[in-house]
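Letters are used for the chains, namely A, B, C, D, E and F, taken in the order the chains are written, and counting of residues starts over at 1 for each.
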């Protein structure tokens, strides 16, 4: 806190910033490079193996498979349903019914009830 | 009947221990000092023999092994607190395998595995984690719906303070007395936590005493209940408890945490964790964490705690006249606590209108040996009137007894640490 | 252990005892106080909200709901059944049938069996 | 609406904190120095009173307790990150129970239970274990099928480096600035890990800031998205992602681990564990271990991490002008990060053919507040075109943002440790 | 066929290691000493480059990374011990990411996360916890019903003692030789535990050797079995095992614990935990604890143990001529152990009446690579007579082999610690 | 490593080897002894108890029960099926369908999905 702006070695700050940001990009660009290459390599491998085994390499084997838009939408919908916050609004529901289940500061017996009773809800 | 046999066996055994050991057990080293065997092989066999348990066994070890086996027997045959007595019993066996020092075997040897696992006991880390799980499995509804029954959980702490005075009278040092007194709280983790802070050398004795008597609650309490209540009192039927809303159940751990810890901050590790666990259970949005806390986490800690507490009863450390005294005080503390709860319930009845009168038997549940003391009350209630179900009413003093003993332990720590 | 009764500072002992026991009571009495008050506060809040929303506050909304005695009894019965010790008496049942399931001191394969086989019992 | 109220309440509260505490909160010790009460009982009561929270409470404690309760309220009422805010909120309560030192209560007192549990935070042990579980629950398919979207996860790290410069400008020491900057990564474990290595005294403030803003992502991001994108851009539909083979999914963690760690070895504890967890998940032969890592293990660590990070906000340590500045920087960092992602997406579009153009809104998901920022994008997408589901596309920048911030944190550690 | 390829690849790789590394791998530091770059940016890039793995990589690192990838490949492709080889393989990768010291990255650097997690290996804490879980998942019925087959588990410990003599002959120091010998026990946790006590610097090599050969049991054992038994012997059918009562199954761990530990107290951490786990499983009243011990607890420990044991193979420490020798000794020990079991079974047959004769192949299961060596026996049995199921008979020597190696390890510790 | 063969105290080595190997045998022989004895003891106990309870001790009560060979075979077969390595061969199956389930580096919400969604196969 006793550092003042004019004391700070700003060139160092900028170096860290620029080098750091660049490296993050480099790392992910390298990953991109590898993963753009991979399907081709794996496919090549597959083709070769199929050839060896005497099977006919179909023309469309090399094409990438895409997930249809409707499937996409259906999934997204299902997910958004799950992701939705479902608030249990306050309701004076009788909750005393499981009063003594599961409790045991020192007693070990009640631990076992969890195994016997059906799971909570 | 079976239960009386059990009690007498326990007491007989304890008496035998004191007689046989005479307060200090000496090692029966059967190994001669010099062996002039010329052959290297005989020498090797001799070296091996010196390290065996057969060569180093003491009568103390054998006594403790019998005690350990007896604990395991009680757990399996009579289902007395099996989740605690099986690990503790096995721990007693492991702690009393005779060994030569220097091989990192014993629980008190630095660098041994048992010693590392014992760290969580010695530093009071395991008990709060147990309380976290307990909080996550406890339903405080009965207590919220009928708060005045909490007083019974407070009254039963007479066991704690009575034992404190008793321990001082029996000549214990004041910190030791404070640690021993918490046996009267009938809460294993609370007793172990307090001992670890006030008198670490007594952890084993205090824990074993506490768990033994808690396992024997169904044997100890009924006669006291019958002695201290009239037939008419035992027949009292109580108003059914009020339903509790979700908001109340969420507010309970928050208010409980702030209120009790502002009064007794030294109880923070215990009560903080208890109410934290309960909040996770009741808030409805962290069920996943509560589930882990009340299953796998508490299981792992129970295994480690039980095993190492058992192993800490290594005969050379455990079989002392102190341990005997602690067992005597423990029995007294359970009796006092039960009586305290019963008596206070009767006093409360003096001030209550007829339709609100409480069945004084539920006072016995204030000792908080949850849920066994509540079950004892239910049992006694049904004996007197087969339609009088007291279990739910007894749960309120029962769980408040847990809070009460933690506050009491906090007070002891405040005054003595 | 070398402390004798006459050396002990008994006034301190009694102070700890009395103050301690009182404080335990105080703590729980405060909790009682709060929790006797709470249903009233929550109810008040509920009434106000209902009023705001234009709904009619029914006469019995303020009454506390009690759990009926029979329900109480039924629950207690169910509980006592669960709480009962159920001892498996010794019976020369053939138990060798799962001899090699689940075992593996060093082998990792068998760990996975637990996921495949139905849970124990 | 409700959400705006929330934001304003948070900001108002923070302002109040700074005004009330005035930068340094002093203990309001109400206890007089000498009490000439003759009676021992009064003395005892006095001793008790001295140790209570009521006697030692400071305005700072009260402020923090309100903050803790507010966190818990947000979690329960609005479901904002409940698994994190409930433990952290309760931790704040526990950390601000007023106490007298010397009883092993406080998280900063050696020998206290909280202090032992805090060890895992202080030494950076918990965050990698959280990452292990995260790896075991994350599906990287979206990223593998469309690798170029990873660039958006890199671009959003502008938040990190922008905050670094900002923190220096606001007068923080360079190591502190490095630790604070990681708030811009929008990853709790990464931020805590970096702080533990660079500026352990700021762990509490940094963690609280990071988690607060992450909880508020659904409030912070939408206006920025709308400000920085045109209606036409928001309507862009993207090609459905390619299906991913099992081999690719197994190779991903292995290649990712080697590549990123060769570039930034200091990120090893975080990225090593993340990819290890993912390998266990995808390899198909260790499902049992992956299941444990993503359920019980991560739950236990989440409980301990949340509770102790919360407790580390003990008012006497936390309520400083530094904390206020960190909160301001945190808000800025989230805005910069979001803008960085959006901007880069727009730049990318300049170089892409029409059928390959990306919807720039998914750039906002690069901040990696998974999965909330992706949900925000999905939400905004549907608002503009109810048939445009962007969730899956947004997951790629979202998870690559996690890798990006870990690499960025590794860079900070390399330069500053 | 596939399996032979695997074996040859392993051996070839190991040979390559020794050739390439020449006993001591030197760092190929590509960084020049002085860089006279005037620009701060270039300096910054240079600093960054100095810390990358690319700049610090050694041929040793690369070799070990290939080994790690190969382990993971074996686990996924051939399902060889995946729960162990995936964590160990990933650990090898993490341990061989090249780094500059001083950033708390390496497993041998104080303060690093890996170093903290390695503590449980170094102090021998993880192996007993693994044994706890193993006890809780093992059914000892086959052994109880046919106790004399236990002798085969004892006989196979020839592998341990033969390796001990061999290690001494190859010039190892006596404590090192003791640690190495336990590879012959074919029990990972036992080998790691013994190494941690006798020769901590060899933990990595010993563990890797033990797990490698255990994974290769289906490749190593069949030729030895065929070599040492006649066709006629391989056709012997055995009497079905007797049924076992619940009481016997409860008494087994108790008697086993007391008996074996009185004979060899130094085996307490291993055998105590093994029998404790088994008691929890069989006693019928602690199923909850046993379930946790054999699932989540053992999973967590397996993850941590595997990862850190793998990481302990940091090239600078691991790639020595010692490691090569240990691998050679390991191969020998598995062969000796198998032969020992087979031979003793043939000797036993000399003293048994016709209807009681045992199929000598089950002697091979005495090495205790459970359950793989038992499966090998079953497989070989079916090859000779498709109706001859030996699996259950082979389980008895198989599990007694575990007890046998733990006793043998205890003896080594008694004599050498 | 600086120890040479002629410096090593070989008599000690052989002592450890012989004593060690013998002790392993002793330990397991003792266990064998106990477990050969046990069924007889338990049986004796059972007979005595049955007598006390006035029940007729059947002649074959003392005989050990054996598991029939066919059962044995069936069990072994079932086990070998379980033990078989079941490799999932590479198959270009669409796996993107659960893209966003379970993920959350810092978000706690998604943790809860595991409780809602059915367990992963």
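What we mean here is this: contacts are C-beta pairs under 8 Å (C-beta built on N, C-alpha and C of every residue); 3 or more make two chains touch, one makes a residue touch a chain.
Quantities reported herein were computed from a predicted structural model and do not represent experimental measurements.
When you average the Cα atoms of each chain and compare centres, the chain farthest from chain F turns out to be D.
When every chain is reduced to the mean of its CA atoms, the largest separation from chain C belongs to E.
More contacting C-beta pairs link the chains of E-F than the other of the two pairs A-E and E-F.
For the pair chain D and chain E, the fraction of shared interface numbers is less than half, so the two copies use mostly different residues to meet. Which listed pair repeats B-C comes down to matching contact pairs by residue number; over half match for E-F among E-F, A-E or C-D.
Between chain B and chain F the centroid-to-centroid distance comes to 34 Å (mean Cα coordinates, whole Å). Computed from the mean C-alpha positions, the centre of chain B lies at a distance of 40 Å from the centre of chain D.
Centre-to-centre spacing of chain C and chain F amounts to 36 Å, using the average Cα coordinate of each chain.
The set of chain A residues that touch two or more partner chains comprises 12, 14, 16, 19, 23, 65, 67, 71, 75, 79, 83, 90, 92, 94, 96, 99-101, 109, 111-112, 114. For chain B, the set of residues touching two or more other chains reads 44, 47-48, 79, 82-83, 241, 243, 245, 247, 263-264, 284-285, 287-288, 295-296, 299, 302, 371, 391-392, 411, 415. Those residues of chain B whose C-beta lies close enough to touch chain E in the complex are 44, 47-48, 51-54, 57, 65, 69, 72, 75-76, 79, 82-83, 86-87, 90, 93-94, 97-100, 102-105, 111-114, 116-117, 295-296, 299-300, 302-303, 307.
By the touch criterion given at the top, residues 123-125, 128, 132, 197, 250, 254, 257-258, 261-266, 268-269, 272, 275-276, 279-280, 283-286, 288-289, 291-293, 296-297, 411, 413-415, 417 of chain E touch chain B in their complex. Considering their complex, residues 40-41, 43-45, 47-48, 285, 287-288 of chain E touch chain A. For chain F in complex with chain E, the touching residues are 1, 3-5, 8, 10, 12-14, 16-17, 19-21, 23-32, 34-36, 38-39, 42, 64-69, 71-73, 75-77, 79-80, 83, 85, 87. Residues of chain A touching chain E in their complex: 11-12, 14-16, 18-19, 23, 111-112, 114-115.
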